[in-house]
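Each of the next two complexes has chain A plus one other chain: chain B in the first, chain C in the second.
For the complex of A and B:
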């Protein structure tokens, strides 16, 4: 089980091409990052932060690397790294934890980067929306790299959406038949069609008195694997809200590390994870209170059905000088079937003596008495289950401050529980 | 009919016929099987019928799912109404009413029509509008919960109602409102099974027949005066008769 071998070979073969397509800021740390990966290899399940995901197995299939160009609509706040208005050297791969093997692999392989840059005191009037579409005619690996920089006093709302692709735009198989991205049987016809592996590193810097509302929404397919590492460093008087919403996926492993480096800052981590079939969703978070008088709030909710597996591990670290920290961490989970499994691990590590921290987690099953009550009123069992799951997840969606998106997500979450979201939009084959 | 819960036999041979328009009161000591009888009729999956049958308007109830029995016109007012956090009363009722309409081959109600019916039925049981925006039974007082049961009965227009200790935990005024609500909803065809420990409720909802259930069997059947006698003398004289 040594999947890293093929990625080391890939790098040795493709690094000159990657470098040629890339830019100096990325190339300047590339070989060093590769050296980290080469030395560490994929983390095994013995590594604490990776114990719920078999990384090696996820990277084992033979993926071709995508070196396609970023397609960006010209915008005042969105740039490719090549066209950055500022020098990225102080930020690139410095916000992130470069010793993480997957971050190192992403740094070695990513050939392009997306920059969201909001200058001092500016507030884009509209949310900045990034859609990631997965496209490819064979099993494809994408290495996505994003840098979000908010200068002093800036404010922004950023929505990143991992989208499913309609087969109409992906591929027509050689025999002329369209195949469905979720349909594993089509893999025999043409190996790896619709199978995607994404690595992502997002580095976020919010300078003093800046405010960011960041949404990551995944609606992909059971054939997609996603490994996302998000690193957030906040200055003083900042607020960051990170909303991680896994509506539909294959295997997802999200890491989110937040460093509260300046006083009086706030972070909110809000997570919604819905699993069914054999999907896997693993969220691993760290909130590091480095400065005093900061607040953190974390709420992650999971509904796991069928034989899906959910995992949540969240650590709140309060460092020695971080007095007057106020922190609340909650992970609540609903196992909707007897085969579904949920692992939960809330953690507190406190080195200051004047703090207020709460953490807790629950794993529950469907409330049978509520189901019976609803059925006695004539609500069919499946609908009653959907109502209960929806009610359970509603609490997370309620937290979403962007009104239009909140309304959209109420609808999407309900559709998801009704099993309608596994049909793709505009798809001719699903109807 | 015999029934068990968690492997323990609770109902040990019940024979009972309720005709259209009749109200039957079931009285009995604690643990006699009164609630088991109601749960078995509506199809609570925790109860198992081991012998016998239940027929409703010619249909074999035991072959029907809980929700199908509800669609057929059976309603139970719960002894302890269930709280459902996160599901608003309005959405809950809409789902229930439309599921029943669907089973009857009717189109779902338009939102405006639905809200109009809600408004009318609410007045009948004097239940506050603000409760409709809350989660089902969450934060309701004991009286509000029981009133809410009768409100749901009004919305669903059943033909056979089970009132499972609807009077428990109600003060005199609340009891009157609930009982009068039920009486207003009754038609000539509505039949009911009223489970109670006390005569008080039967002052408002007049039974045609009174049954005494002891140790899983109906041991005595009579008219309304049987309930009065039990109110005054308790069950001991019936137990003595049995020996």
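For the complex of A and C:
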């Protein structure tokens, strides 16, 4: 399979249109990025970091490219790249790893970018919330590009939410069929309806003594594929918390690279992934300790049910000279059905001696004695299982520092386990 | 303590104790690898046609493959045509060989290595198969073992004497097409040991093979096959050394173990190939495929390895847990110093129900070395109730070395419980301080702490090896503190 062909053709056809809609900073690296993609093609499963995701197959369907404009509420801190208050050249595609084929593809195709810029010593009073809605009647590909820059001493809370919207329902009703948009079987013959592919590159720069709390919450549909690459570069005395919550999806591949470049910085990666049906969730993280005296904490938890597949690969790299590094990585997984499959691969690569690095990883089953205990006390088995899963995932949600969001996520996670979350909010059929 | 330290110092001054060469007339075939060479090796060993075909098939497959590059290693370019694939130090004359025929130089060599080839040294209670370069020099206690029906001989001899057994099991655990080096070995393998333990027999002594590379510009491609039939038990030890040479020498072995119902095999290795000098020049490239197949129910296999030698160690002694209720264990201590590199670990493939595996790995890196643990735990959908516990610890001595952990877990069964934990740290300052306060020098204290750290694994070794391994550990780490 050679899916890259169609993207190469797409680019050759549409690049002038994309360039026209885009801005100079993006256009300046576009052709170079495309050349990288053209040379590399989609990473095969033999590439270590893409071992668990068949990228080629995910990109194989014929997607139309979305060139819609960003709809932004005017804000002091949020801009489109075109209206950027600062020169983005030193940042754009410099924070990211340009040699990654998916990042290169995104760089080549993205026509608009979203900038979150917090000037020196400022702190937005409210969290910055970005909602991504997927809407369209044909198979659509979105290429999102986000740049988050925190100047010295700045602080911010950013929430990005991949939301479901059910436009396909209108389409279905027009055709007189009564079926749910998530039900792929009803879409035979009308391939691509409500099918979305998102590539996303988020570049984060936190300058000395700044603090960022970043949330990525995905609640889409089984027809959505998401390929997200997040790159974070931290200066001195920074702290970044990245929370990746995959509640409901089709195929998700999240890559998160953190480079600790200044001393005394800290990073926390929190991950929650819940899979059922035939969903696939693949998280691949790298924490690169380049400077001494930094700390990293990583906690990822998965619950995989039905025939879903979960994959976690996390590497902690301690470079030469990064002494006094303290690093803790934990990955705990629950296989809830006999068809579910879990891959886990926590890695340590250490080139400095005065460090303390741990990782732990488990794959397990639900505690039968706890289930028995609850059933003895009159709790139905299904409820008991939900309770246990909830408690298991609770550990990740507990880490969320934004109170209101934490409460909301407790509810959402529970709904998810009860099978209620996949019912869409405004959907007639789901009620 | 001081006595042990004296020993350490004296040995460390010599750096690598076993670095001498033996001046013995050795028949070495022309360098290079082609079908003709394989035919020559096969003819020299008087092999049947099926084995020649087995070799040629493997060779043809090998030609189609490229050397793997995925290890966390800086591999020197190996020129497969610059190696001689057969070196026979015993070939001084034709005709049948008896014990008296062995060149006294050879006997002296093994004596020097501390390997008892004389049966008068029966006190050691160990049967030894001594392999130098491509040929098995001598196997002791053969008669005594054969009384019990145990077969312990070199693999070439086994091919002649027990062709049916060899044909049945050879390549059944590690197929010739398993990987690049397995294909190479299958094509050119020379000597190694063959062990067959008949039903319901407990092998009365430790079986041991001692490998020695002597000749220049040769590679060693040994092949070991151990079959432990129903209800039997055997403990097998493997030791190895090589002379100090400036060029890298290739060692690509295959070890296959078959464990039947209710049988138990314990395989211990103390690997002490020449690690290269302090500048990283020379040393043995140890690229080995070792695998055990736990075919029977309630079978048990235990790998214990102490890896202190070799410039590059790249091996994963693995277990395929096919039989229900089978158990596998892997205990490893890998020490790297100077420019040594190790990428080692294990694979536990759970297929049978209620299978259990334990992995304990201890890495110690010093100098400018790189030490990686890489392991796979796979649970097949059929492996209900599978259980795995893995623990990998790395100890860093020095700021220029690297310690890495790459565990892979692939779970396809919801009744399996898999646990993995790993830590990497340097020697605890508090512990050092405590020892210093009590008048123990830093160097001694490090020795103490390292030995304590590796104890979990050393304790699993048979007595004789445990003592040797402990000394080896101290020697390998000499001069790393300062």
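Assume the second predicted complex is superposed on the first by the 415 of 431 C-alpha atoms of A that agree within 3 Å, B and C clash if a C-alpha of one lies under 4 Å from a C-alpha of the other, contacts with A are read in each partner's own complex, and residues count from 1 in each chain.
In this text, a contact is a pair of C-beta atoms (placed from the backbone, for glycine too) under 8 Å apart; a residue touches a chain by one contact, two chains touch by 3 or more.
These figures come from a predicted structure and were not determined experimentally.
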Please tell me, clash or fit, for chain B and chain C sharing chain A in the overlay. fit
Check whether A:378 is in contact with chain B, with chain C, with both or with neither, and answer first, second, both or neither. first
Scan A:387 for contacts with chain B and chain C and give back first, second, both or neither. first
Chain touching more of chain A, residue-wise (chain B, chain C): C
Pick one for A:60: touches chain B only (first), chain C only (second), both, or neither. neither
In the superposed arrangement, does A:326 touch chain B (first), chain C (second), both or neither? neither
By the touch definition at the top of the document, which applies to A:370: first (chain B), second (chain C), both, or neither? first
Going by the contact rule set out at the top, does A:360 touch chain B (first), chain C (second), both, or neither? second
Classify the contacts of A:343 with the two partner chains as first (chain B alone), second (chain C alone), both, or neither. second
Could you tell me if A:402 is touching chain B, chain C, both of them or neither one (first, second, both, neither)? neither
Lowest C-alpha to C-alpha distance for chain C against chain B (Å): 13
So in the complex, the part of chain C that touches chain A is made up of which residues? 70, 72, 379, 381, 394, 396-426
In the complex, chain B residues that touch chain A: 42-46, 65-67, 70-71, 75-76, 78, 81-87, 91-92, 95-97, 99-100, 103, 135-136, 152, 156
In the complex, go through chain A and note every residue touching chain C. 48, 320-321, 323, 333, 335-365
Considering only the defined contacts, which chain A positions touch chain B in the complex? 367-370, 372-381, 383, 387-388, 390-392, 394-395
